[in-house]
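Accompanying notes for the structure given below.
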Amino acid sequence: MPLQSPSPRNKMEARELTLRYGSKVAIRTISLAIPEHQVTALIGPSGCGKSTFLRSLNRMNDLIPGTHHTGTILLDGTSIHDRALDVVDLRRRVGMVFQKSNPFPKSIFENVAYGLRVGGLKDKAALSARVEKSLRGAALWDEVKDRLDESALGLSGGQQQRLCIARAMAVEPEVLLMDEPASALDPIATAKIEELIHELKSTYTIAIVTHNMQQAARVSDRTAFFYMGELVECGPTEQIFTNPREKRTEDYVTGKFG
Amino acid sequence: MKHTTRKAVGLALTSLTGLAAFVIVAVIAIILLDVVRGGAANVSWAFLTQPPTDGMMGGGIFPAIFGTAALTLLMTLAVMPVGVLTALYLHEYAPPDSRMARWVRVAVANLAGVPSVVFGLFGLGFFILFVGKGLDRALGYEEMHWAQPGILWAALTLAVLTLPVVIVSTEEALRAVPLDHRTASLALGATQSQTLVRVVLPGALPGILTGAVLAISRGAGEVAPILFTGAAYFLPDLPTHLNSQFMHLGYHTYVLATQSPDVEATRPLLYATVLVLLMLTFALNLVAVIIRSRTRRKAASAGH
Amino acid sequence: MPATHTDKAFEQDLRDLREKLLAMGAKVEALIANSVRALTERDSPLAEKVVSADREVNRLEVEIDDLCRRILALRQPAASDLRLITTALKIVTDLERIGDLAVNLAERAMDLNMVPPLAPYVDIPRLADLAQQQVKKALDAFVSGDADKAEDVLKGDDLLDALFLKIFNELLAYMMEDSKNIRRATALMFIAKHLERIGDHAMNVAEMVIYMVRGKDVRHPRSRNLTAE
């Protein structure tokens, strides 16, 4: 008998999640698991609910007035809406990187240290160590180590986005959510981010929203296709891109939509 | 044919708008030139540092300069915290459909439309006759102590007058802080108040200072609100207490222009006073603009 | 397919590809038919035509390869499109091999046409017919995206193999009977073998069609089980 690789644990799992903005249904009865130490890509046309779903995973949707949900989202088997789980703690465990690189108008060092400082870490040496570790983890250290005190806004777009990844990594989350992290970058910067995602997989569980199907194909282990607020199909990325089960997935990945 | 019409219309619009802009600039230039030409010769060190003499027919204007500066400072100290906190409530804490916030906004808009002399009367009625009298009674003063015109009441009246400016510009500054920065902060596990203190306020600081600049330059030149609340006709002594009366450049100008027994004789003094008032307002603005651009630069390149 | 690609140029590329494959298939079928006719009707000029017509098939192979490479590079096809392209890349090789086999067959026919026939050709034309039908069926399955028809091709190969075995034994008997027959019988044996190989290539095409339609690889079930267990 060959070695059967054990099927990975589900780090996060949505069960029949429905989310409304006011009376408008944004996503409808989504049940989707995010396996540990894998990259799960969420694809679909604009407005299909993939970003909304992603933002539900660390309750960023709570910030938008008028949203309410039914169904559950589990993190390590516990509901993220559980009273015992503070939303601030949730976001420390489930970090997020946004589409537009959004460094604070502070120094490179302060950007990475931000999450640690708001978390109450004051020790200078510990801060420095964590900042260096995160910047190394985001493959940015060598480019910025001599100018940590300079403004983060002086970095190139690709560097800024890696800085944002470093910033998210600094608080040592368990899950990293990425909302189109490379959509505003040139191909070389994109390749660096994608390479980074490959490396981060061993430490983190990653969910990534992308408009770029080739990117989903390149970086992810599993792909979920969203359409009009519904999860049409989720499966191994190779299967989604060579032999999807659903007609709508087929039409989307082959470019036959509207 | 059509082409030439189009050209003509374009030319006409360009010259019309250009002319309008030119008229404004020209008017300002004429005023400034006139003030500088008439006043520059009379602004001397003595004029700036001496009190008026000879029934205000001679001497300097130092008490008025000091009074104006003290008044503006007090006003700023009063209006900035209240204005900024109100704006913070409106923009950061009030729910978007809050009825309370809507009323506050309506009130602020109305406040901005009230003529300044009404503020003067309001200051007299509310601060002096109501608050001042109440204080005197509560603190057991036999004679009038707080219930009389004084620099504090004048400053507070001006603060109410400039409140809308501060609120509106602060709200504008808060709005200008990118949503991205807030969401990034929250996504890193910061609480809302941490986000406010560490991200939103530093980001809005240049805009808030702009509000201060606008409030100061508005308040420093206003005369009507202080007429009944603390400005003195002639007072060679400097204000020493919060309930002291004070001289004021704007009021002094008004007095020189309207109350002089010999208009020809006071004209040079009048010119010089107006010049000083303009320069002071100008200097205040300049200082604030410098502070603002500094914080902005610092924000952009902030070290740790 | 009801839904068409949003990108019309892509749609046109895929249509071109299908048409070129069809043209190539039709040419290959004609090559088989003509090479066998050159043998049965002892028509050597026809055999020569087969040899020259094969160049056309080779040219199409190169063209289709180029088109596939271009689509892969420029369009990053996915799902059914990707399966169509990879299928096309594989079946052109099979079709080209079938063309080569038809040429070999025609060359043997020219040799045989110079000597008296060994016996009336009965089973060889039948075998040729079967092989040609297999090719046609496999191509039809490709065009219509019909996996069931492709499965028929896989089943039909047994018939071809059985008939080949019969011819093989017959020719063996001729050779044992008289050693003077050996030369002609060997040539005929080669021809039969070529036809049997054509059938195998038709089967390869059919397997690829099943993959293209169903996304499931049906090739080499045995060796697959070896690695999976």
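Residue numbering begins at 1 within each chain, and the chains themselves are lettered A, B and C in the order written.
FYI, a contact is a pair of C-beta atoms (placed from the backbone, for glycine too) under 8 Å apart; a residue touches a chain by one contact, two chains touch by 3 or more.
These figures come from a predicted structure and were not determined experimentally.
Participant: Identify the chains adjacent to both subunit A and subunit C in the sense defined at the top.
Facilitator: Intersection of subunit A and subunit C contact lists gives nothing.
Participant: Just to be sure I understand: the centre of a chain is the mean of its C-alpha atoms, right? Then which chain's centre is nearest the mean of all of them?
Facilitator: Going by the distance between chain centres and the overall C-alpha centre, it is A.
Participant: Any idea how many Å lie between the Cα centroids of subunit A and subunit C?
Facilitator: Each chain's C-alpha centroid was found; their separation is 50 Å.
Participant: How many angstrom between the C-alpha centroids of subunit C and subunit B?
Facilitator: For subunit B versus subunit C, the centre distance works out to 92 Å.
Participant: Starting from the mean Cα coordinates of subunit A and subunit B, work out the distance between those two points in Å.
Facilitator: 48
Participant: Taking the complex as given, what residues does subunit B use to touch subunit A?
Facilitator: Listed in rising order, the residues are 95-97, 178, 180-181, 183-191, 194, 198-199, 202-203, 299-304.
Participant: Which of the residues in subunit A end up touching subunit B in this complex?
Facilitator: Listed in rising order, the residues are 58, 60, 63, 65, 88-89, 91-92, 95-96, 98, 100, 102, 104-107, 109-110, 113-115, 117-119, 149-151, 153-154, 164, 167-168, 171.
Participant: Under the touch definition given earlier, write down the residues of subunit C that touch subunit A in their complex.
Facilitator: Checking each residue of subunit C against subunit A gives 3-7, 10, 76-83, 214-216, 227-229.
Participant: Using the touch definition from the top, list the residues of subunit A that touch subunit C in their complex.
Facilitator: 1-2, 213-214, 217, 240-244, 249-251, 253-258
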